[in-house]
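Look for subunit A in each of the two complexes below; its partner is subunit B in the first and subunit C in the second.
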Partner chain A sequence: MSRYLILAGVLAAAPAHADAPTQGIGAELGIASGSHLTPGGLRVAGHYTYQLSGTDWFDGSASVTFGGGTARCFLDRDGSYVCDHGLLDGKGGELVAAVRRMFDAQGEFRPYARVGVGLGVARFSDDDVTGLVLALHGGGGVRATVSDGLAIVIDAELVAGLGAFGHSIGVAPQLGLAIMAGVEFALE
Partner chain B sequence: MKRAAIALLFVGCSSYDVSRSLGARCERDTQCDERCLSTGPWPDGFCTTSCDTDRDCPTGSACIAEEGGVCAFTCGADPGCTFLGSAYGCKAMDDQGSSGTQVMVCRGT
Partner chain C sequence: MRLEALLLALAACGSSTPAAPPPPTTGTLVVHVTSGGKPIPARIAIADASGAPVHRGTLDLYNQRQGAGACVILPGVLLTWSGLVLAFGDGTIPVNATPCALAPGRYTLTAWHGIEYETATATVDLPRAAPVTFELARAITPTGTLAADLHVHGLPSNDSTMPDAQRVSAQLASGLQVIGFSNHNFDADLNGAIAALHLQAQIVSIPSSELTSDWLHAGTYPVPVVPGAPNGGGPDPATLVGAEAPAMFAIAHAMSTHPIVQVNHPRFRYGALFDISGWDGVAWPPPFPLEFDAVETIGGFTAANTPEDRRIDDSVRDLYTMTDHGKLVAAMGNSDAHDFTWIFDGTARTYVYVPAPRTQPFDQIAFVAAIRAHHTEATTCPFLDVTPRPGDHVAARAGKVDLHVALAQAGFCHATRIKITVGNKLVLAISVTGKTADYRATIDVGTADTWIGVTADGDDALPLTQTGTYQRDEWKKPGVTPYAVISPILVDADGDGRWKRGDADLVLK
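After this line comes the complex of A and B, so read on.
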């Protein structure tokens, strides 16, 4: 809780110039929740942003998710392989290509929406289950410039897609939620 | 009539959760949380948990005096065991930890 208070304090203290750089890189840390065959846990992401127009930026990211959990897959009585992992189980990695639309600054903050598509891997090692995942990302956040070339971002996104898994599981839905916070640096 | 309708609704909504700890199909222990009964009257294998009394077993199951004490789904009649497969029926078995007491559980026919 204290971390959120500190972050809120930093955001509140941010100056009013809320322009985003033409090019930037960033790093985020947060929590992703999954379940069943969607990995969840601590998520670390790196971003590269590039301005496409007056309001839109390309937002490419690479993320890894570190969850816990134990073996939770089993053979149902009909012979189908069923997995019932918790919200913070499994591990994953994903590359996402997205477009970030920046809205007009509201005081010290510049809100944005982001939509994209991601390709990744989900892994539940205790069950020896691995899948290739294709997912749509949609969400939004707020960006606050702290100083020249440095900004803080907080965002949340929903992820929905499909994963192709082994162990006769086949194609399974992916559904998750991530809440992240981080910093972004201007490159120019 | 009202009671019958409520009872029917309850029976119709009742279900068993097959899991790694109880009821999943298996061939070896690693497919279960604890142990797999893969031989004898457990067609297609049966994940279960060792127990000394009913309190050691998940809700909806009882500890029977077999294999040193294992949990099995309780039942009232054969149809209550069809979720495990057609080879399972409702049988009277000795209750582990309660000598002389029998309990109805799902088991291979």
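After this line comes the complex of A and C, so read on.
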């Protein structure tokens, strides 16, 4: 118990990076690519960050993905329902809990890495296919401070996981790539 | 007398022993058809305790056949003159004494899903039967193909009354994936009915028309459909009815969609180009123009070989004669189904080898191109897996070609021989004794460009409950006989990259 108290004390006492606030919020816009049963398209995400240690921040996000496409599921000769959607097809929403590790600044830019886990929904309406998705996220980006309390971020991440879908599909893999850009504001 | 009856009734009421309740006269029959545990569309033939087929609905078509007279239990659940049609693999059928129900009694049910699966049978005692599940085992796996029936009729035809949704259900239940909705002089497809039943993942319709004259019937697909327009936007029937082959082919080729032109039932005697023109199937050139891409080598109305009438053999002879003279066409099999009685959907069908065998999205361009390139096999039940593929070309090495022929058939299909023909000469006949056969050989092909034909056939008719009763009703024949024929394989024997035979001099790509 005492170890946890010490850890909590250390975390609380850890100084914030001069260019990264203890708490912040952000918004990003970008492109996500999917295929098969992973939705892709225009992605909008909102972030909440909270400093956990000298280098690590909790990064919670909520995102929605708006893709296009038409019906692309069919019954194959074995009676299996196969979906073959394109890179930018489908719709999705996801909540992600991640940890963002900030690295030493390179001039005006501070690179970071992020890993997390997400829970979401994937939907391909023209095929009436919906799934519940559990996915691992991993990626990285760069944060550049523009002014006091305002920063620009650009990042990319890979998503891999599994989805449980209806329509007799069952469990299917999820694999996607997203490239996003946005702004972050300090809350304090 | 009335007083006595009253006294008896009163005595009965006072009896201390209650009368046994009468047996129930109503209920339901719940059926599921699956393959690998997944629901599969199917037809179920129903026989009563004496083994006689059970008929339901009415014979509305010429008082002889059932077009629109089936009982619609639910969309996709039909109780017909020839049994159940289940578009979704499930059905709940009422049991009572009304015309659109099964009466109490003992029945034998036989479920089937076209020619790619074995049948399954169960006996039920109604009305108190537990739900019945039929698990169908796959017998044929035609990898890389779409199963097509590119000549079927429905409501727009003057000789059919089949509603669109019922046609879709029947096609699906028989294992078809692509429907050519080819009504007489009427451009149409069934994609609206398919969408209404939410079946796009399983089946698709290519817009089609059967150009019909006194001289010939020519299937055309795809055609430009204009919903609501007279004849679906197709040519005026008045211009077609007297059209001979040259005019008919010209009309077809003038269409903006550049359709496949398919000579339908050329040996049907009626509306049959080869018969009516007097072609003997051997003489060359034949007495008609050759402006067509495909020939219905196996048509539903002529899908029977008997000792006195080798109608399918005649059609294969026609195909081989054309090939031997350099006129290449795709060998097609179609049901020409009009109803639920005479010829069932898919009784003859075509397997079309396509790059992406799917119905959604359906690559219609690739599908049509595959037919134009003769990558087809026509069959009534056996399946020939031949390498090189049907319609392909192969270069000979030192006058020889490697050939692999594998046959598969369900238990109700009895093909007993495979024939391999090279350059219109039968070079090999192989006996088949079971459901499968596998033959590999190096075939001598000589030094001049030639072709290889492969067929499989047998003499024992398929069950009428799986094909319809036309052959028996009209011609007193036992029924449809097993036959498969591939579009011939071209052999570049001299290795010059061209195929030169008869009138043909083709650059092989």
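Heads up, the rule we're going with is that the second predicted complex is superposed on the first by the 170 of 188 C-alpha atoms of A that agree within 3 Å, B and C clash if a C-alpha of one lies under 4 Å from a C-alpha of the other, contacts with A are read in each partner's own complex, and residues count from 1 in each chain.
As a convention for this text, a contact is a pair of C-beta atoms (placed from the backbone, for glycine too) under 8 Å apart; a residue touches a chain by one contact, two chains touch by 3 or more.
The structure presented is a predicted model; accordingly, all values stated were derived computationally and were not measured.
Chemist: Following superposition onto subunit A, is the placement of subunit B relative to subunit C best described as a clash or a fit?
Modeler: On the superposed model, which is not a single observed complex, subunit B and subunit C clash.
Chemist: So in the superposed three-chain picture, is A:R77 touching just subunit B, just subunit C, both, or none of them (first/second/both/neither)?
Modeler: A:R77 sits against subunit B and subunit C alike.
Chemist: Which partner, subunit B or subunit C, touches the larger number of subunit A residues?
Modeler: Larger number of subunit A residues touched: C.
Chemist: So, does A:D104 touch the first partner subunit B, the second partner subunit C, both, or neither?
Modeler: A:D104 contacts neither subunit B nor subunit C.
Chemist: Just checking: does A:D148 make contact with subunit B only, subunit C only, both, or neither of them? Give me first, second, both or neither.
Modeler: A:D148 sits against neither subunit B nor subunit C.
Chemist: Which of the two partners, first being subunit B and second being subunit C, lies in contact with A:S168: first, second, both, or neither?
Modeler: Second partner only.
Chemist: So the two structures are superposed on chain A. Out of 206-214, 224-232 or 314-322, which stretch of subunit C collides with subunit B?
Modeler: Only one listed stretch clashes with subunit B, namely 206-214.
Chemist: Intersection of subunit A residues contacting subunit B with those contacting subunit C?
Modeler: The overlap between the subunit B and subunit C interfaces on subunit A comprises residues 71-77, 79, 84.
Chemist: Tell me, which parts of subunit B touch subunit A in their complex?
Modeler: Result: residues 18-20, 23-26, 31-33, 44, 47, 83-85 of subunit B touch subunit A.
Chemist: Quick one: which bits of subunit A touch subunit B in the complex? Just the residue numbers, please.
Modeler: 71-77, 79, 84
Chemist: Can you tell me which positions in subunit A touch subunit C when the two form their complex?
Modeler: 70-82, 84, 127-128, 168
Chemist: Per the contact definition, I'd like the list of subunit C residues that touch subunit A in the complex.
Modeler: It comes out as residues 35-36, 38, 40, 141-143, 198, 200-202, 357-361.
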